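Presented sequentially are two complexes of chain A, the first with chain B as partner and the second with chain C.
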Partner chain A sequence: MTATSLIARKESGELLLSLRGLAWLMAVAVSLSLFGLLLVSNTELSLLDNAQVVYDMVGIVTALGGLLSLVVGIDAVAGERERGSLVPLLLTPVSRDAILAGKLGGVAIAWAVMYVLALPYLWAVGSTGQNLIQGMLVLAVVGSPVVLGFGFFGMILGSRLTSARAGLFTGLITLIASASPLLLGPSLRQSAIGRAFDAVNPFSAAVNAYDAVIIDSQTIASQWPHIAVAAVWIGLLLWLARSAFRRIAR
Partner chain B sequence: MLIEIVGLRLALGGNPILHDVHLSLHEGEIYGLLGPNGAGKSTTIAAALGLLQPDAGQVRVLGKDPSVSAHEIYGALGVLPEQNGFYDWMSAEEYLAFFAALHGRHPGPSEMQQLAAAVGLAPRPRQAIGTYSLGMRQRLGLARALIAEPTVLVLDEPTNGLDPRGRREIHDILLGLAGRGVGILLCTHLLDDVDRLCRRVGIIVEGRTVTEGAIADLVRNEHRQVRFRLRLAGEPPSELAKDGHVSVVAHEGDWWIVDLDPAATPEAAWRELMFRGWPIAEIARESGGLEDLYLALTERRRHDRNFPDRPQGIR
Partner chain C sequence: MKFATILLAIAIAFSATAASATSLSVDLRPAAENPTAPQMGDHLSFHSVIGNEGDTPINALVAWISLVQIDKGKEQPVDLEDWSAHKAVTTTSVPPHGTIQSDWPMRLIQAGHYRVVVSAVSRDGTRLVASPFVDFTVRQKPVVESQRVLPVALGIPMLIGVGMLWRRRRH
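Up next, the complex of A and B:
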């Protein structure tokens, strides 16, 4: 087993075996349960078109996935540094790039766990209608790079800021700001500023791809402009994370 | 030489922390790095480990610059840092196996048990680390530092949180390692540990090495006499005020208070006295030695602006 896979396995253990990680997974599961329950039991929401319900659920899974990845990314660096377990890891004869790759692997495993956790909820709210499978696929293809990018962003914050709390605060503000397309009204999104923001915002790219595939029944392949935005986002953050992690002093 | 630091200068966030630090660690030596809180000991260690980049001066570990050849050095290095964190959900066995694998080693169960037993973890190797006491965590940290069979050990307060028996066990482990040629850089506030383990020390005050060298030489250079209490099983053969390297200061019943000549080692002086017929039954240190030297140097630095910037004992 390579050093990278050993570290990735350790990072996944932090999520699946530590009380802290299990608490986050539990919080995610409770949030999905509450949202799912709301979609099927609320009088007004239960009247929504089935594809619209899947679209909403996929959007929520992406937002929660971004939050979980952000927390895991910050904890993997700043959290470990605060607990004193980062320095012994940095002092092993393993390159910084390999340690970083292992930690990024931990973020990917966290998202994979969250994705698997979300599938029954998607099935529960969308099994009677169309485009459920396409919804799951577009979440994997476009949602994954967006979510993982937030994990990488968390690692950048963890490397650059002195405390995990400061990293979490900064990360949450950024996550809320980039998730704002979900909150903006249609008229604001059609304005010049709204369009410019939509063009570069990875969250917008994901939401627009979900809209096109789940609601408008377009193919995933036709969403290449949105996929390209998500790919640029994750590539840029990977480069920045590498640069920040190499500069960690102690 | 295993570690060599010359004229180290380092600032963090624009604040100068180290001004002029010198240090040298040889094979098979336990070197005590001493200094008051905030003197720069941990920063010196971080620079020696390549975790901080010096502004000036030279740092060499195993003949290499740690900021350039970190990974070559880390393979031969065992470290117990000041802030010693663990993965609390793992067992000690899993934790040690993880770090062994990162060092490219895959010790078998018997080797792991041997290592755990050596540091006193044997009875509970499968227990989650989160339930460990401070002392057990220190032992586990030491086991982690030893897992790669290092040539150089850097230990920051290794006996912190240990009971007297645990401290003695760690002392024995360190002396055994030094006997096998491992160089150990020991950073501690416990002068008893340094007295027992180290032959040479360096004292850092306000980011400067104010003295470095063999403890006996430093005490002698400072003209510090070491005072002992000797309990005699009978009368000494002579009532001389000065007998060899020992000056008698006072005499109360069976107890004799004596000053030891700074040039003499205690063991040689007691041997000489016993040879001359002194029936020594018990020996206890009263004052002097490393503790007085440490207090004098750290106090002098605080009050005396004219205290020399060049460390003593360094040429």
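Up next, the complex of A and C:
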């Protein structure tokens, strides 16, 4: 077993097997459960509303995934530093890139677990509506790079800022600003500033792709501009995370 | 003589317009393959025949489909945005005694009693020509069923809770 896979296994094991990690999963599950239970009493939903429900839930999963990845990313560096285990890890005869890859693997596994956790919820609210499978696929194709990018962003913050709390505060503000398209409809983003923000915001790319695929029944392939924005986002954040992690002095 | 010419011209114009309006006919029928008791999510199709029963062409014809909900207390026109992508047909000319046939597919989005009609106007016509109504009922289909949501919404947190208890006991 390589050092990278060992580190990834340790990081993901902390999420899946520790009480702290299970508490995170419980919080995510309770959030999705509450959303699903709110819908049960509504007997007036039309088929279109059903697609809207899937769209909303996919958006919520992306936001929760971004939050989870951000915290896991910050904790992977700043948390280790505060627990005093970062320096011993950096002093091991393993390259920085291998350590970073292991940490990134931990973020990816955390997101994969959350994605799998969300699938039954999506099925429960959307199996009689339209485009459920496409919704699950577009979440994987466009949502995953966006979510993982926030994990990488968390690692950058953890590497650059000495305090995990400061990193968390900065990351949360960025995530909330980025996820604002979930609350602001397209009509409220039609100003020049709104369009410019939409063009560069990876969360906007994901939300717009969800809307087009789940509600408007467009193909995932036709969403290549949004996929491109998500790919640029994760590529840029990966490069910055590598650069920041290499510069850690202590 | 001049006055008589003007009267003749007005009479010709009036008769041509009246002929154009009355020579247009619109018929609408449900497609034979439509389900007998459609429910939300099903597809229906309607077939229209727009005819020119006159001896002169009808120019610049526009025909469109309209849907009205007629449930008691919910009477309202329905925005077809989500129901159908095929909402209108246009043609530059319908020859004398010619017909234009169109199919109007739609996906049933919401339960209720509905009335569908196809209307047509032409450039020279003076009034709207509408088809007979076709009524249909869309049955309710549960879209968010409690028997699916409840086991997932309650079961998954319980499973994670059991996992947390198991971890706590092991420690």
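In this text, the second predicted complex is superposed on the first by the 240 of 250 C-alpha atoms of A that agree within 3 Å, B and C clash if a C-alpha of one lies under 4 Å from a C-alpha of the other, contacts with A are read in each partner's own complex, and residues count from 1 in each chain.
Keep this in mind: a residue touches a chain if its C-beta (ideal position, glycine included) is under 8 Å from a C-beta of that chain, and two chains touch if they have at least 3 such contacts.
Just so we're clear, the structure is a prediction, and the values are computed from it rather than from any experiment.
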item: Partner chain in contact with A:Leu236 - chain B first, chain C second, else both or neither; value: neither
item: Which of chain B and chain C A:Leu17 touches, first, second, both or neither; value: both
item: Chain B versus chain C as contact partner of A:Val113, first or second or both or neither; value: neither
item: Touching partner for A:Asn50 - first (chain B), second (chain C), both, neither; value: second
item: Chain B versus chain C as contact partner of A:Gly84, first or second or both or neither; value: first
item: First, second, both or neither for A:Leu172, with chain B first and chain C second; value: neither
item: Chain B versus chain C as contact partner of A:Leu137, first or second or both or neither; value: neither
item: Which partner reaches more residues of chain A (counting touched residues only), chain B or chain C; value: C
item: Shared contact residues on chain A - chain B and chain C; value: 17-19
item: Residues of chain C that touch chain A when the two form their complex; value: 40-41, 82, 107-111, 140-146, 148-154, 156-157, 160-161, 163-164, 167-168, 171
item: Sites on chain B touched by chain A in the complex; value: 46, 49, 51-53, 71-72, 74-75, 77, 79, 81, 83-90, 98-99, 101-104, 141, 144
item: Complex interface listing, chain A residues touching chain B; value: 1, 3, 6-7, 10, 13-14, 17-19, 80, 83-95, 249-250
item: Complex contacts: residues of chain A adjacent to chain C; value: 17-19, 22-23, 25-26, 29-30, 32-34, 36-37, 39-40, 42-43, 45-50, 53, 117, 120-121, 123-125, 127-130
